[in-house]
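What follows is a pair of complexes built around subunit A, which joins subunit B in one and subunit C in the other.
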Partner chain A sequence: MSLDTVENASKTPDVELPWAELGLKKDEYERVVEILGRRPTGAELAMYSVMWSEHCSYKSSKVHLRQFGEKAPQSDAMLVGIGENAGVVDVGQGYAVTFKVESHNHPSYVEPYQGAATGVGGIVRDIIAMGARPIAVVDPLRMGAADHPDTRRVLPGVVAGIGGYGNCLGLPNIGGELVFDACYQGNPLVNAGAIGVMRHEDIHLAKASGAGNKVIMYGARTGGDGIGGASILASETFDDAKPSKRPAVQVGDPFQEKLLIECTLEAFAEKLVVGIQDLGAAGISCATSELASNGSGGMRVELDDVPLRDSTLSPEEILMSESQERMCAVVEPSKVDRFLEICEKWDVIATVIGEVTDGDRLEIFWHGEKIVDVDPRTVAHDGPVYERPYARPEWQDALQADDANKLPRPSSSDELKAQVLALVSSPNQASKKWITSQYDHFVQGNTVLAQPEDSGMIRIDEETGLGVAIATDGNGRFAKLDPYTGAQLALAEAYRNVATTGAKPLAVSDCLNFGSPEDPAVMWQFAEAIRGLADGCLQLGTPVTGGNVSLYNQTGEAAIHPTPVVAVLGVIDDVARRTPVAFQEEGQLLYLLGDTKEEFGGSAWSQVVHDHLGGLPPQVDLERERLLGEILISASRDGMIDAAHDLSDGGLIQAVVESALLGGKGARLVVPDGLDAFTFLFSESAGRAVVAVPRSEELRFNDMCGARGLPVTRIGVVDGDAVDVQGEFALSLAELREAHEGTIPGLLA
Partner chain B sequence: MARVVVDVMLKPEILDPQGQAVQRALPRLGFDGISDVRQGKRFELEVDGPVDDAALARIHELAETFLANTVIENFTVKVEEAVEPAVGAEK
Partner chain C sequence: MTARIGVVTFPGSLDDRDTQRAIRLAGAEPVALWHKDKDLKQVDAVVLPGGFSYGDYLRAGAISRFSPVMETLIDQAKAGLPVLGICNGFQVLTEAHLLPGAMLGNDHLHFICRDQKLRVENTETAWTLDYEAGQEIHIPLKNMDGRYVADSYTLDQLEAEGRVVFRYVDFNPNGSLRDIAGITNAAGNVVGLMPHPEHAVESLIGTGRTDGLPFFTSILKKLVAAS
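This part shows the complex of A and B:
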C-alpha cells in the first residue's frame, strides 16, 4: 500500500477517489477539490466525507435549525447556548446544569445491546466535555409494533444495553418513554439524554487556542470498530488485501468511561485544560477539526502517536474510527506532565498527539509524511448547506379530513368499561415497569422522582434541597396529523410534566427524528415541526439549548411518523416540595384543571379501539400551559396539593388509573355537568392536569385558581379500592392492575 | 454420543474490555511478555446420535442464531470426539 501524501496528491491530480462510496455527492467532491486547490488525499477525503455527512454537518437541517437561535426567548438562565457539546443553564445557588438528548437509532437496530449502550456513553461524554459531572440519564424509546417478532429482538437488547452501561457508570436512569407503533418497524428510535451539574466557574468550552499548547488524546485505544466509510477507502481503493468487513458497530466499555469521567473532572478541577472535545461520530476527524476551528485555527497532529488497538489500521481508518470512550484535550505545555499524571492515576492511557500552531491549517502526519493539510473550518463548519425543497404532502388534507371525532363511540356503560380496560392494558398505555425496573433509579442516592412519575427529579444540593427535573415527550401520531402543532404538543407535554412535579421549566433540548430529507413531504414535516417548536419555545420563554437531528429513519418509501422528542429541564428550590403522581390519602378531593373538549384526533383511544389515525391533533394554547404550570408549581410549593398527574395519552381515565394504582387507593369520579362520560374519560385536550387536594386546602386552592383564571372542576374523591365512575362502571384496583401491569411482561418476558 | 465444541470469539476489530482487563492484570501479578489477551466463550454440546452433516448443520444454525452474536462475534464448530465425519465448519 502506498501512502497518499499531500505531495503525492498534488502530483497526481487525475487519481480517481471513491468519493461516491464514501457518501459524497459529485458537487460536494468538486467543492472539496476547489477548497484545497487540488484533489484531496485519501485521508483528507475520509475527513471531509465523514464531517460533511448529514449526521455531522446538519446540511439538510441547518437552514431550519437557525430558528432556534433567531426566535430564542430572552432568558437569564442560559449560560452557554447552541453549538457547544451541550447547552448550560443556570439553576441558581451557583449551580449550572447541562443536558442534552441525542439519537442512536441505527446502531441500536443493528446491534441492540451495544448500540443502546454506546448511545448512553456518547451522551455522557458530551456532558463531561462541558466540565460537568453527569448525574442522571433518560431514554426515550420508540419501537415497532409490540407484537412484532423483531420488537422482541430489539427492545430487550436495547433495555439491557441502557441498563448495563448506565448501571456500570453509577448513573440513575430517571425517565424516558416507550412507544410502540408499526411505523418504527425497521427504524426503532433509541434516544438518550443525560444531565450534568457543575459550578458556574467550571464551565469549559471546546477550543484549541494558544500556539504551542499540546493536544492530548486520552481514554481507550483506537481500534477498527465503528468505521463506516473508511473501510471502502482502505480496502477497496488503496489496499485490496485488507479485511474489508469492518463492522460499523462499536462495543463500549462503561468502566473505561467511568475512569474518563473521574479523570476529566479532576483535570478540570486543577484547571489543566484549555479546550476539550469528546470523540463521538467521526472520531479524530471531528475532534481535531472542531477543536482547531473553534480556537485560533492551526494544529499539527502526529497520527503515529495515537495509541492503537490494532496495528494494521490505515491512517484513513484511524481518522474515522469511532472507537468509544476517547477524549481529546488541549493543555498548556507546563501542565502536560500533571495532566498525564492524573490520567495515569486513573489508569487511563494518555498520549500527546500534536500541538496547536500559530498557522490556520490542520496538518496531520503519518510516518513523517504530510497526509492532511486543510483549513479546519472548511471541514468542521463550512460544510455544504442544502435548502432542500419541501412541500405539504398531498395526502395531508385527506388525513386531516378523516375526523376521529366521528368514530363510533361506546353506546353503553359496559362498552365504555371494556374500552377503558382495553386502553389501560394496551402496550402504549400499559405500565412500563418491566422495562424501568431493569434500570437502576436510585444509585448515588439523590433520585427524588423517577419513572413512572411525570418527570424525573434529582437533588443537586443536600443542604438546600435544590433539585432539577427533566421530562421527555413526543407524539409521532399528533405530529403526523399536523407537524407544527405536534411539535408544540410535545413541548407542552414535557413542560407540563415538569411543572406537575413542582419544578419550574427553564430550557429545552430536542431530538428530531424524521425520515429522508430528500423527500419533500418529510422535509415539510421537519420544517413545520421546527417552526412549531421554535415558536413554542419563544412563547413559553424556554430556550432551546441544543439537540440532535436524526434523518433517514426510513425503510424504502415509508418514513417514520415525524417524531420530535422534546426534553424540558426544570428547577425546584426544595425537592421536599415535589408533587408525586400517586394518590396519597383517602378523602382528598380530585380536581381537573383546564378545559376538556371533544378532541380525539391521534388519541390513544382512536388507536386502541379503532386502529385509526386521522383528523386534527388537540389544539395547543401555550399561554394556558404557562398558567397551568404556574398554578401547579405554586400549589406544590405551598402544600396545597398532595398528588398531581398531567393529562396526555389516554386522557383523564389513564391518569386517574395510574395515580390510583401507584398509590394503592381508588377514586370515585363524577362526570361533570356539560360533559358526557366518554369525552370526560378519553379526550386528550392539552393543558390539563388532575390534582388531589387535601380538604383543608380546598378553599385556598380554589381561590388561587379563580384569581388567576384557570378553569377548575371538582371531579371526585380519592376513595376505596376501585376506580368508580358514578352511574357508569366500577373497576377494582386488582382488575386494573392485572390489565395495566400484565401486558408488557406478557409480550416480552 | 459425541461432543461438539463451539468457540465464540469477538471479531478481531471489536473492543474486548474483559480481555483488556486480564491483560492489564498480568504484569501486576508478575506475568510478563503477554502483549494482548482476548477472551471468548466455549460451549461443549453433548450430541445425541451420530454427528453427521445434518447434525453439524443444525449445530451451526443454533450457534449462529443463539450462541454467537454474529454482528460482533465469530464462531467455530468442531467435533471433539469424532465419530464421523469429522467436518469442521468455520464462519
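This part shows the complex of A and C:
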C-alpha cells in the first residue's frame, strides 16, 4: 500500500480502514472522523486506536476514578497528583518521593518472563520521568490455584522475569504479595510498584513547552515488538479461539534501562530537560501526543529520524511500537549538544526527532510527507468516556447469606492444632522465601526492612536517618463478598502494615484489577470498590496520588475476584526506630491491640479448611485503624515495643507463628477471657496488631493505650522454642518451620 | 592523609555507590573511576563492584574485561596494586586472568539472594588482615552466575598455596567446587569473591550485620602501614 498522507486522506474519503482490527468500535471511529473532519490516515488511525484503548484512555473507568480527586483529603504532602506519570509526595527535609503501582497482567500470562520483566521496566521509567532516582520495587502477584499445572508455567517465569529485570537494574525488591486462587487461573495478576526519591526542585513533568525546543528520543531503537500491545492485548478479553498474541508482548533489556536511568539523572542534574515522557503503552503515539497536549504549543516530528531496529517498519508500526527502554525529552536548543554528550557517555542512542512549534497541532512527517495532523488533546485526553451500565449482581445476596460463621469449627484441641498446621502450610499463608530469595533486596545499601516484614523500608538520608516505607495489600475474597468494604479493607491493611513498622502513612497508589467492564456486575464491583477506596482515603487523610486500572481480566464469562491492590506510602523520621516483625527477646510480653470478633467471611481459615467463600467480610473501622496506627508509631518512636505484626489473613495465629519463626523464639499464648480459642486464633477482624513489649515498658505502653482508648489485651509472652497455646496445644518451631517453609518449594522447585 | 580507594563504574555496575559508602565508613576516601578512562587517578587500591556489566548477556565480565580502564588495571595489579573484585568484579578478574578459574551459572538455575555464612581461610591478603584465621562471618550473597569452577590441578594448587580465601559454610549456594567463595592471586594483592561485603557494613541496613567492614579496614590498615 502506498503512503497514506493527510492530503491523500482528504481526497479519498471512502477508503475503508481496519479500525475494528485495531480495537476501535464503530462509534469511536466515527468520532475520529468527526474530530478530523475527514477520514484519518493510517498513521492517525494507529494513534487514535492505541490512545483510545481501554488501557490508555481509561474510558470505562474515568467517570468513577474522578472520585479520587473529588473526595481527596486535604494533604500538605501532595506535590504532584493524579494525571502525571506518577504522584509525588513531600516526605520532609526537602525530599520528595514518587511512587506508583501498575499492572502487566495480560502480557505476563501470554509470556510470563518478558511480561513481568517489562512490567518492572515500565513502572521504573514512570519514576525516572518524574525526575527521581528509583530506590525500590515491589511486586503484588495473584496466581491461579497453587497446584494447577499452568501456575507452574506462569509463576516461575514471572518471578524470574521480575528478578531478571529488577536485579539487573540494581533496585532492591522490598515487598509485594503472592496470592493463589483458582479465580486467577488464566488471568494472573502481575502488578509492579516502584518508588523514587528526589529533591523538591528536581520534579519534572511531561510537557513540551517553548517553541523551538527540540524533541529528543533516546534509549533503545524502535522495533516491531509490542505493536498493538495496548489496544489489542490489554483491552480485549482472552478468547481461546483467536490466534496467539505472542508477538504483541514486548521484550525487555534491563541493561539498556539501567543506562537510561543513569543518563537521565545526569541530564536532570545539569538542568538540561524542559519536559520528559517515557515511552510505554502506545509508544511514540502516547509520548508525542501527551507531551504536546500538556505543553503550550504544538509539535512537529520527523518520523524518519527515529532510530529503528528493523528498517522495514511502516510509519504506523513505528507510532504503535511498544519497544522498551525508550524516553522522550524536550530540550532547549542551546542545551541539545550537552544532552547528546551525556547520552554518548552512557552509550545511549539519542536523536532529535522534532521540535515544539507555535501552533496547536501535532504534525508528523514521513519521507517529507505529512501523515499526521491532529490536535494532540483529541488523541491524549479527549478519548471516549463510557458510562457503562452497572448493577449489583443477582448472586450477591446468596453469596453474602452463605455465612462462613456457621461453618463447622474444630471440636477438639487436636483438631484445632491440625487446622493451625493446615493454615500455616497452605500456599497463601506459607513462607514466600523461595520467591523473594530470587530478588536482590540489598542493592543500593539502604534497605532497612524487606519482605516478609509488614512493610518494605528504605533509608533516604544517611545523615538524618529519614526513610520511607511501602506496603501493598488487596484481598480479592473480601472484595468479592463486598467490593466497597473489600477495597477499604485493602486500604486499611496497607495503612496498618506501614504503621506497624513505625512509619506514618502519607499517600496511596492503587492498581485496580477487575473483569470486563462490559459486564454490569463487574462494573458494579468496580464502582463500589472505587467508592469505598475514595471514601476511605478521605477518612484516613491519605490522598490517592495515581495508579492504574486493569480491566478485562476474565476468560469467557468468568471474571477474577475484584482485586483492588492498594499501596500505602509512609515516612519515618529515623529508620533506627523501625519495628520489625520478628520476636527479639525472650520474656517480652505479647499484647493484642484492637477488638476480636467472630469474623470468618472470606477468611483464610474458611478457604483452607472448608474451601468456602461466603458471608460478609470483616467490618472496617477506619477511625480505629487511624488510632491503632498512631499507637504503633508512638510506641515505635518511644521505644516501647520491640516487635509488631499486623493481623490479617490467617488471623492471630498466623501472625504469631511468623514472628516466632523469623525471630527463632517461641511464644506462650493464653486465650483471653471472653474469647474461645478458635475465634482468638483464626478470626480476621480488622484493626488489630500483636506487639512484643519489654517488661520495663509494660506500664507506659498500657497507660498510653488506655489514655487513647485503644483496647489492649495481654495474651502471652515470648518464650521457648514452640508456639504453645495454653490448655490447647503446642507446636514446636521446628515443626512449624517445616510446615511453613516447605510448601512453596514443594510446589515449584 | 588517608588512603584513596578507587571504585570502577562499568555500564551496568550496580553496587559502585554502595562500595564507595563502605570505603567511606571504613575511613578511607572513595574515588570514582570510569570504565572508558585509562587513568586510575593514582589511587592506592581498586574495587571492581558488583552488578551486571554490559547486562552480562554474553558471559559475566567478558566485555568489561576489555574496557580501557582494565588495560591499566591489569598492569598495575600485576605490579602489586591491591584489587578487590566483588561478584561481577570477581567475574571480571577471572575473565582478565588476574585470578584463575571461571564462574558458571548457579547449579539450581535461579538468582539467589541470601545472608551467606563464610569461613575466612586466609588472613594474609591485603583485604582480609582484619579477620581472624578460621573466623566465620555472614555476608549477603546475590548472583545468577556464582558457581566457581577450575580444573583440578588449579584447585589443588589454590589449596596448596592457601589461596582459597573464603569458603561457603553449612550451605553451598551455587554449586561452587570445593565450596569456594573467594580466592586470591599468588601475591595476595588481588582478591575476588562472590558475596558482597559492602552490603554488611551498617548495623541498621540489610541483614544488620557488619561482618563486611573488615575488608575495608584491612586495606586501609595495609595502605597506611605501607605509607
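The working rule: the second predicted complex is superposed on the first by the 730 of 749 C-alpha atoms of A that agree within 3 Å, B and C clash if a C-alpha of one lies under 4 Å from a C-alpha of the other, contacts with A are read in each partner's own complex, and residues count from 1 in each chain.
Everything that follows uses one rule, which is that a residue touches a chain if its C-beta (ideal position, glycine included) is under 8 Å from a C-beta of that chain, and two chains touch if they have at least 3 such contacts.
Since this is a predicted model, take the numbers as computed values, not measurements.
In the superposed pair of complexes, A:G223 makes contact with subunit B only, with no contact to subunit C. Once the two complexes are overlaid on the shared chain, A:E111 sits against subunit B while remaining clear of subunit C. Judged by the touch definition given at the top, the superposed model places A:W346 against subunit C, while subunit B stays out of reach. Taking subunit A as the reference chain, the count of touched residues is higher for C when subunit B and subunit C are set side by side. Residue contacts after overlaying the shared chain place A:V575 against subunit C, while subunit B stays out of touching range.
Look at A:D310: by the touch rule set out above, it reaches subunit B but stays clear of subunit C. By the touch criterion stated above, A:D253 is placed in contact with subunit B and with subunit C alike. Legend: residue contacts after superposition of the two complexes on their common chain; A:Q444 is shown touching subunit C, with no touch to subunit B. Comparing the two complexes, residues 253, 255-256, 347 of subunit A contact subunit B in one case and subunit C in the other. Partner subunit B is touched in their complex by these residues of subunit A: 110-111, 114, 220, 223-225, 243, 246-247, 249-253, 255-256, 309-310, 323-324, 347.
Those residues of subunit C whose C-beta lies close enough to touch subunit A in the complex are 11-12, 14-15, 17-18, 21-22, 36, 51-52, 54-57, 110-114, 140, 142, 144, 196, 198-199, 201-202, 204-207. Considering their complex, residues 160, 163-164, 167-170, 253-256, 258-259, 345-347, 436-448, 459, 462, 575-576 of subunit A touch subunit C. Contacts from subunit B toward subunit A in the complex involve residues 10-17, 20-21, 24, 69, 71-72.
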